[in-house]
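Chain lettering (A, B, C and D) follows the sequence in which the chains are written, and residue indices restart at 1 in each chain.
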Amino acid sequence: MPIPAPNLYPPFNILRLSHVEYRVTDLARARAFWVDTLGLQVTAEEPGRLYLRAMEERGHHCVTLVEAAEPSVGVLGFKVFDEGELDKAAAWFARQGLPVEWVESPFITRAFRTRDPFGIPLEFYARMERLAPIHQKYALYRGVKPLRIDHFNMFASDVDASVAFYNQIGFRVTEYTEDAESGRCWAAWMHRKGGVHDVAFTNGRGPRLHHTAFWVPTPLNIIDLLDLMATTGYVANIERGPGRHGISNAFFLYIRDPDGHRIEIYCSDYQTVDPDLEPIRWDLKDPQRQTLWGAPAPRSWFEEGSVFEGAELVASALTAQPIVAP
Amino acid sequence: MPIPAPNLYPPFNILRLSHVEYRVTDLARARAFWVDTLGLQVTAEEPGRLYLRAMEERGHHCVTLVEAAEPSVGVLGFKVFDEGELDKAAAWFARQGLPVEWVESPFITRAFRTRDPFGIPLEFYARMERLAPIHQKYALYRGVKPLRIDHFNMFASDVDASVAFYNQIGFRVTEYTEDAESGRCWAAWMHRKGGVHDVAFTNGRGPRLHHTAFWVPTPLNIIDLLDLMATTGYVANIERGPGRHGISNAFFLYIRDPDGHRIEIYCSDYQTVDPDLEPIRWDLKDPQRQTLWGAPAPRSWFEEGSVFEGAELVASALTAQPIVAP
Amino acid sequence: MPIPAPNLYPPFNILRLSHVEYRVTDLARARAFWVDTLGLQVTAEEPGRLYLRAMEERGHHCVTLVEAAEPSVGVLGFKVFDEGELDKAAAWFARQGLPVEWVESPFITRAFRTRDPFGIPLEFYARMERLAPIHQKYALYRGVKPLRIDHFNMFASDVDASVAFYNQIGFRVTEYTEDAESGRCWAAWMHRKGGVHDVAFTNGRGPRLHHTAFWVPTPLNIIDLLDLMATTGYVANIERGPGRHGISNAFFLYIRDPDGHRIEIYCSDYQTVDPDLEPIRWDLKDPQRQTLWGAPAPRSWFEEGSVFEGAELVASALTAQPIVAP
Amino acid sequence: MPIPAPNLYPPFNILRLSHVEYRVTDLARARAFWVDTLGLQVTAEEPGRLYLRAMEERGHHCVTLVEAAEPSVGVLGFKVFDEGELDKAAAWFARQGLPVEWVESPFITRAFRTRDPFGIPLEFYARMERLAPIHQKYALYRGVKPLRIDHFNMFASDVDASVAFYNQIGFRVTEYTEDAESGRCWAAWMHRKGGVHDVAFTNGRGPRLHHTAFWVPTPLNIIDLLDLMATTGYVANIERGPGRHGISNAFFLYIRDPDGHRIEIYCSDYQTVDPDLEPIRWDLKDPQRQTLWGAPAPRSWFEEGSVFEGAELVASALTAQPIVAP
């Protein structure tokens, strides 16, 4: 059993994943995709930068699109419980010998940036500007009707090491894939906010961002998005699905933005609030872990991902041929 | 343009497709699939034979399962307007030099059997025993909640010839796939009852039955069936989908019964009642005709089908490599 | 049993209901409702007049909105099989001593207007201008995503007489409500196109149009419309529902346009193509005929309707207190 | 503004609501409703007692049905973070002068019972027996496919006092209804587990349990339940809905079990994890707070509720005529 016991008394209290900064090469083209097609709402615009939120979010943004020469991921953001927890977090990262830099992050009171030991750029904060609710402004809903950002999924060159690190800071494993032969963990799903995951790690050349997921109300919204993308010039941006993951039980669709950033549209996972929730183990050889219904994923889905700004890529410790669970 | 003008004044009035007889090698195993998993209702049982109907049908049966040494299709049944039209039909087939045999068909007043020029066994009748409505007996609904039989799709070695024949007896083309180079028709969808099709023909070694389709209320019923099949030992019977056909706009799933007979579960096509409905042409090279969303179909879907009892197979006139539109 | 035997060999062949002309007092206000909120597509505009179609229709229009001093219904349109049937229809109405006037009806080749014996203005035609398909232009879908016009429901002062008249011209009763005590028919649903109904009659001061219905894909589209109307100033225009009718099994919502014209949004009835389909009888005392789930309809729903241009109103023959089945 | 500031550092850590014990007068009749119709799973049976869980729960039970002479509610159960928090909870209640009794609660390691100051019987525990996951055993799903217990809603004779008490132990207000004239709170929704609520209070003679809610995947499951109940003898048990609450944005249905206990079937609220989530205020005069779509609730819904075992009823401090928000 490669999964560490959950750390129920972590050094600081992370509430949930919060936001991601994507570097895109053509902001107008990205906007047509993220706003007009997916249906995220623009909350602020600056030259070269767009802030977006989903329909039930009151925090100022869950996605920032920044125009850049090359596509990449700038940072992954997490919200902690309060300013005291934020200071504890900064102190903890410093104690690990990881970089801690207090930054001006727009619309955020106080934030610091650091990197996990594998190079993933992280931003922590306690308070972001709050916006009025729009979840009942039904005239604004469009596209896939995204309700909220749900999780980050990352390629990790050593999943056991990533799980051990994120377990230390309080993320709890809900499901994982184990290679029965080596006893190594091939993929893991870990949560803070009481769903199946805030972060997941998947064996492969890393660190890279495999995808960011958005939660939608029902499978029919995903079908609506497929019909819309298929008839508005985005058919090649549909990568995988719709389908049901064995792991997490999610009804999923994977799409790619115009720069290749992968997005999961997602519904129907389950509540995990209990600290005594037993992780569900899947065997690497069980094909239903990836797709309950049995349809294979395309090769691109296993191999491609978004690089993190400033992170050095390392080959997987486990295999030259990445085998990835969703 | 390979599609003949619709024959609006056919020699007799076919109302709709009605029923299909499947030969299956293990009736108990077939029942577990068709009744317990799909959710069709048993309306009569005899040794070696089971009669089934869907939830909104009042005719006695739309499927007969007959135990046999080898899987095959016994006959495709069609309902005509009245007994007078039935006699006209019998006379017409006889005039074409096709076999006409009046048969005892259980639960049917008068029926004759014939074959189309390509060998497909057909049964025509005007009146089948009627049953009380069950569409509001919601406690009976299960599986995919099938509402009615919708259409037959057949491999034809010469689609142009099949279309010409069925056009003669009043089937109207709603959509078709054309090979722009040869000007030949690769596939066609033809209706009598006012939907997209009662019958369809697809280029390939034929005649064989590609599938029988059942209509269900919404895409969510199809997702329910996928979840059920995937977790009750039928994951290998899921062949293709879910997806959206470009042609017909149907939301589809293809599954195989334990003998390999293919079944389409289907919703959301459109009404075609108008005699001046213009057929929609698709180019053979347009990948969205098969799947609007772009996911490929597996090889089995293009190649495998159920043989008709007593029909001789002929290679496709068009190609050794069948390319099939849905 | 008050229902006449179906007239399977009517004097001319009506295909289906086709269109309705509504007089509205403020065309801009009506457009905001019908186009921006419901989601019908504008196919032509003239000063004071708007033509609309639903998403899967290829005929030029199913609704005409005409600006007028008072709200009313100008005419109900029906499509017949061909020009020969149109001439037969005109001759038949003339033989009944009913007015027959050949009119210039925009976008229609040849049309005549008449009235039924109760004063309802009717228009018959065989060919209307055809438009290119838009059912796969998913970017155009909005509001409730209306697919097609489905039926007209009318208040009739003598339902038995209305049923007898429409039965003569080939409409077949699918379901009806009978008053067991008087043996009179209180309401009836009659079809031509193979669904539950093209026209329905309901006891009450008449003739008036109770509602026009539009078919939508799933109940979730109706929920979307409710959310949209409730948050864009139309909450008072929601009259009844959502619910399930016992009669027809339809999942329904009734709304009122800004002039009070009632619209039913509707899905999930059943196929009725068979000429031997047995009508379903409901007792006037059975509360589930109106609403399977038991919720009462508001008083307005029983009492209010749109007057027909030029038709004289007559009190119900059966009761001063109209009791209306859906 | 009558809502107290959230108590972000409560004296002990309640995770979530957990279970409810219902006294029912006929256990077989109750089982037919809760198990065969709603679809909850039986996890244990003893003479006169049945334990049930919903499909995604791993705790042993969320509902206990106990046969008794009169219908009532035995206790409301809550899960705390660990055994240490349980001891802190017991100590805290004792300090308030409230009764603390350690009890043998089946399938629970350690539990104590107490009452809130208004007489509601409460049970706290940290660890309940865990069961294997069944959320992917799709053959077990039936009825409304209930996924998990979601919240308790209670009549309170003094909502301000109830809110003040539950705020002390860490429940955070997400939405509330205020009487602008008196400045009093008429209803409030409070959460621990990160959704809209674990508990809610509503002005009226109290304490009584207004309802227990279960979460289901989509509105279509609720429509399925309505169809099933309406055609299996339970039409009179349908009390209100389906509809959308303004407050919480939930798509709802209210039904009554054979003893009159009210159950809400519920989907589509929103995530509230953030401690800085601003409560949403509704005015008592805003009719959309109860039903976004405008349909009124029946009188029974405002007046009837289940009594708590051993709790004395007190008239509302605010009005003799309870006006209740959902």
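We take it that a contact is a pair of C-beta atoms (placed from the backbone, for glycine too) under 8 Å apart; a residue touches a chain by one contact, two chains touch by 3 or more.
The model shown is predicted, which means the values in this text are computed figures rather than measured ones.
Comparing mean CA positions across the assembly, the chain most remote from chain C is A. More than half of the residue-numbered contact pairs at B-C reappear in one of the options A-D, A-B or A-C, namely A-D. As a whole-number value, the distance joining the C-alpha centres of chain C and chain D reads 44 Å. Between the CA-based centres of chain B and chain D the separation comes to 50 Å, rounded to the whole angstrom. Shared contact sites, meaning residues of chain A that touch two or more other chains, fall at 136, 218-220, 227, 230-231, 292.
Taken as a graph of touching chains, this assembly is complete, with every chain in contact with every other.
Across the complex, chain C meets chain A through its residues 136-139, 218, 220, 224, 227-228, 230-232. Chain D meets chain C in the complex at residues 218-220, 223, 226-227, 229-231, 235-236, 238, 242, 244, 251, 288, 292-295.
Looking at the complex, you find that chain B touches chain C at residues 8, 15-16, 56, 58-59, 79, 81-82, 127, 130, 133, 135-136, 147-148, 193-194, 217-220, 246, 249, 268, 270-271, 273-278, 280, 292.
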